[in-house]
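You will see chain A twice below: alongside chain B first, and alongside chain C after that.
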Partner chain A sequence: MFLFNNKQQFLVRINPTNRQRLINVLHKLLITKTRAGSFPASECGEFSQLPKTSHVKLQQFETFVMPRFSSQNVPVEQNHVLMIRMDNAKIISHILKAINFKENSVFCCTKDGLKVTVEDMKSVQLNAFIEPGIFQSYVVKEEEIKFQLNLTVLLECLNVFGSSGLQSGTSPALKLYYNGHGTPVSILLEESGVITDCKIRTVHFDPVLDYDFGTSNVIGRIIMSSECLKEVFCELDSTSDCVQFSMSPDSANFRITTFGHSGTYHVDIPKASDVIESLRCTSPVSFKYKLSLMKPSIRPLGIAQKVSLRIDDTGLICFQFMIKVEDNHNCYIDFYCPADVDFEEDE
Partner chain B sequence: MKFRGKMIDPNCIKQFIGILGCMTKLGKSCILRITTTDLYFIVRESQTISASPLIWCALDEGHFFSEFGMEGLSTVDNEIYLEFVAENVARTLSALKVSGTAKSVKIKLTKKLSSPCLTFEIDLPSGTNHSRLVVHDIPVNLVPRRLWNDYLEPEAMDPDISVHLPQLRLMKSIVERMKNLANMATVHVTSEGLLTLTVETEAVSVTSHFDNLHVEKKKEEEASVTIELKRLSNFLGHEQLNPQKVVCDVLQSKLMHLNFLSDSYTLQYFLPGINDQ
Partner chain C sequence: MKCLLDATSVKVLARAIHCLAKIGDELHIEPTENGLTLKTVNASKSAYSAFNFHLPFFLDFCHISENTVQADPDEDTVIKCKLPMKSILSVFRSIGSLDKSVETCTITLPLLEALLIIEFKCKHGIVKHFNLRYFECESVEAEFCKNGYASKFSCSSRFYSETLLSFHSSTQEVTWSLAMDQVHLSNHIDDEVDPSKCVRTEVTLAKDEFVDFNVALCTQVTFCLKELRAILAFAEALKLDLDCRMEGAGQPVLFSLEKTDLYSADFLLATLTPNLDSTATSSRTINNQKKNDVPPQSDVSKHSSPVPILRNKADSRTVSCANLQTTLMPNVPESPCHTSRLNSLSLIEPQLFPAMEDNLDFEMQPPPPKRARARYIFQNCLKATQEVREVSCEVFAPDSEGDE
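And then the complex of A and B:
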């Protein structure tokens, strides 16, 4: 409802439902702004005459505020730097739910699509890529638009009409737009004639890690069915601190090992088996990873059709999950986790 | 004092369980008022001074009971007021639900276990010819005559605007989500039949718009009230009661009053407004 720009001016878009609230907020705002000295006193004088009763006519208020402060701003609708429209909001919430292991998320929109990043402790990172083809309309007016917001809140908003699975239940239409740095992300959802609009505040943008995963450094790569890997992951010995992935050009197996209280477990998946589509390995690979850090990969694994696993020479592991969302569209989720150095030194 | 009633119609039993279930979920202790024509369930807010009830539910005895008999406190005050712990009834209900449809349910006021009891005698069908009879004795307190006035029927209110609520299922899922975001929401209705539900937190503001609602009554152009989402969601959870319509009355800043209307019963729910200023 309020849009501030850095010149302490604001545009008020009047929503009749919140008129009383709006007036109250305006009053409070006036007081704080005046105290902070950032608000020209001459303008305050007029503001303080705002009617305090709830019976103020909407028109009164509109004429009072609009001409003075909105003149420098073009209408809000034309300010969008990002506009996304899709007929089924379930698709995007399905993908985003899989990466929601932390609240904060960074959105990065370019003409190639939407990338949403969630990371923890500057080490584990989940990235969701959504290609523009999934949206009915995708307009990006700048080369790169980045903002950070609370993903949990966004998901609550997207699921406001209920959150049963991707196929079943409701499928609300979605329109999302963003007007640039410092403004909230607006979401409009429609379902059976009911409209819900949400304004999610964006927060100060923290840069995220950029894992440079060059293909030249990759020493091991597997493409396999996610079903099988999910089963293995779910049955890993939870008393173990770490999990080890090993493969070598000579060995016939891809080996996953845990070191728990009750012993060491190996899970061997033969190269020749049906679940492995391809396995390429240039030199022997064996790295350990903290089991707790691997946890966030389980959710995307659960919704993926296929997974590609790559390990580079420093031990950085990258899972890429392929998720089929519509007949001919795929989304991808990347998971990055560095190898655990402490365990390496123990040996 | 005497009271006995017997229900045999499966639909009535189902509806009765539904209503009783609603009471047990919404309040800790519940008052049952029995008159010669109607049965009332009353839940009052605990630990508040306000005398207004939270729930007021009236059931038509003729509709629910095939056999019915009662004898009140005296010929002048021919009514009975009982108080029971809702949780105890909830257990009886689970027994009723698990076993599917009961053939008949008898409710009696008895004196067992050295205190007055509300006895539920549930006749359940079984595979063989033998029938099973499940008896639940729920201890109750008789409310003395001098306290009856605490449970008077709420006065007919004069709402600023009164509208029919949209599909409860849809509204329920929205309220459920909003509940995850904030504790309170503002309900706003206009005389054009627009109802909006707004939550505002530091991170987000969400507004849902329901339009084209049937306006029953309008005194003002618009009215709004801030209410506790948990309570609203508790109440909307009872969509399975399948009322013919749900009327929502709003009294500016003071009250949201929801009224489930059906031929055989009315259920009123009072949601006091919260002053958020």
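And then the complex of A and C:
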């Protein structure tokens, strides 16, 4: 990684062994004769790729070279299969931070948008969907591009200029490239003239579970305010192993129950309450879910405005969080969690 | 029992529970005709606290648990219960969130189920139910007479906490020296700590800084700060004045606060016995002399002295508790000086009865140094031979030889 500020003076340093090689390379590009040691800042241009450099003493250099690359002169890799450009990288880091409960993530890019999946124990899954309209430029050259990388490392790179909130501070611009299987993901971030270049290695992806959540099997569905549900979840009794969701066409409430050391706690949210936008239930639903598996849902609950819960007849619950980014765009995060089945009761 | 509280009362109740949680590990809930009482005693039985919530505190209150299945008036009972502090604290844990969302609270002790049911009706129509399991009911009570104390002074709780700010946060015990026109506080330094290495803090409070000041007995009283801090946290949050009643060294100290008509609280804290009385030595001599001293003890229990007697109501043999103490005395474990000096509030279990020291004649010794102390405590282990008591009674079954 090589950092420089293109509004100030730029120094190139090479070690003596590579010196001749570098001079040859740089001669092919724009070379300006000037006094040794400096180059006027106004001559600096836009960069889409930075040269790999090493060190040399400056006095040995008579001509001071400033490589100028324009976005058209992308030197080595021309065959990006994926290229994303956005003006505010904070949006993507805001969404991805909410699903970062495990390190490994699978990126799946299609013409419909970017989907990032984080999975745990082949059971719990969080998916983030970002539609192409949020990006300034979204180019996908293949039908479907999939790769796996370490999400924590990606978030650290995205937040290299500081991780202040979505609304506050300046926002870095982002360019993301991927050249296909086996190549690293390149990320360029620019903020106030400072550019950072990162390359993150990709790994051959493990197949992720595809929860076929057909609408025909859904027996209970609620759309409610995310803030209210988050408060309830945060106050759930942590001494309880599991949490139970119950609703039925007859009862007036959506009930959340925990079974802790001190006793049984219920939270009843009436169907008629203003925090519930809609509740549809065809038959009585009552399933238990392990509290530890439910934990990853709390972060997306914190950033979302609305959440939809759907439970199917096998007890699989799907949370869908709607997050508002920018003025009229929404991103969605899905969360799937299977029900806690008591094997002793199975026939 | 069934009661209904509004939003402000719920917050006061939550703060009271937080205060009690810092003092003891179990909460005793006792509904009475006049309201609800919450009590706790700390693990070492050196602090007793009771919160009394009077009828106007509640929107609705009924102390009887009705037998809803069969309307039989004879079956209606008043249920008293005890539950671990952790479980009830988990319900009232966050005062901020109670403030934000809770509108009313109902607390019920139904007759037929062994559960304490707390129901919060919150904003947006959300209802939260907490069904807490409790233990069998046994009550703990301390008898003390508020008017029996020699000295009394009171001032705002904020004043006390500002005074205590002068003390380092690690200070555990503070000595209050009462004089006719002032109260002098200093941190209590244990004998074992090298006097030259510790920081001494002294604060003097003049008479006119108090709202009410009436000192009859000039004395020095030392007790633990931990409980006092918990009391002040409650009192300060509700901006109440705190009354302090003291007798003399070794006698418990009583702190009380009150919100007219709504609630009141009493905190009885044990104090250190003065340095001259080595309780380790006195316990031994008490063992020998107590057996002969039954009559004076019963006299003491008839005094209206402020010496409290903590007793279990379930055991109604309180009159003979003095006698019980004599027979149980020999079993008092001889604990090292520096821990037994905190004068425990007397219980029906064997504990030192503070008033005894006045009546008995014993040697006054300074606390012996560490090694000597250890040797003294473990003297029986170090003895070469055991005292074999001759048991002369008929042998009903001879010793069998070996295992069979």
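Some points to look at:
We adopt the following convention: the second predicted complex is superposed on the first by the 266 of 347 C-alpha atoms of A that agree within 3 Å, B and C clash if a C-alpha of one lies under 4 Å from a C-alpha of the other, contacts with A are read in each partner's own complex, and residues count from 1 in each chain.
By our rule, a residue touches a chain if its C-beta (ideal position, glycine included) is under 8 Å from a C-beta of that chain, and two chains touch if they have at least 3 such contacts.
Computed from a predicted model, the values in this text were never measured in an experiment.
With both structures placed on the common chain, the touch criterion links A:S273 to chain C but leaves chain B unconnected. When the two complexes are overlaid, the chain among chain B and chain C that reaches more residues of chain A is B.
After overlaying the two complexes on the shared chain, residue contacts for A:N159 are found with chain B alone; chain C is out of touch. Once chain A of one complex is fitted onto chain A of the other, the partner contacts of A:L209 are absent, as it touches neither chain B nor chain C.
In the superposition on chain A, contact is made by A:T196 with chain B only, not with chain C. In the superposition on chain A, A:V341 makes contact with neither chain B nor chain C.
Touched by chain B in one complex and by chain C in the other is not one residue of chain A.
If you check the complex, the residues on chain B that touch chain A are 166-167, 170, 173-174, 177-178, 180-181, 186, 188, 190, 194, 196, 198, 202-212, 222, 224, 252, 277.
Here chain C touches chain A in the complex through residues 83-84, 86-88, 90, 94, 97, 101, 115, 124-133, going by the rule given at the top. Every residue of chain A that touches chain B in the complex is listed here, in rising order: 1, 15-18, 20-21, 24, 54, 149-150, 153, 156-157, 159-162, 191-201.
Across the complex, chain A meets chain C through its residues 228, 231-232, 235, 237, 239, 253, 260-270, 272-275.
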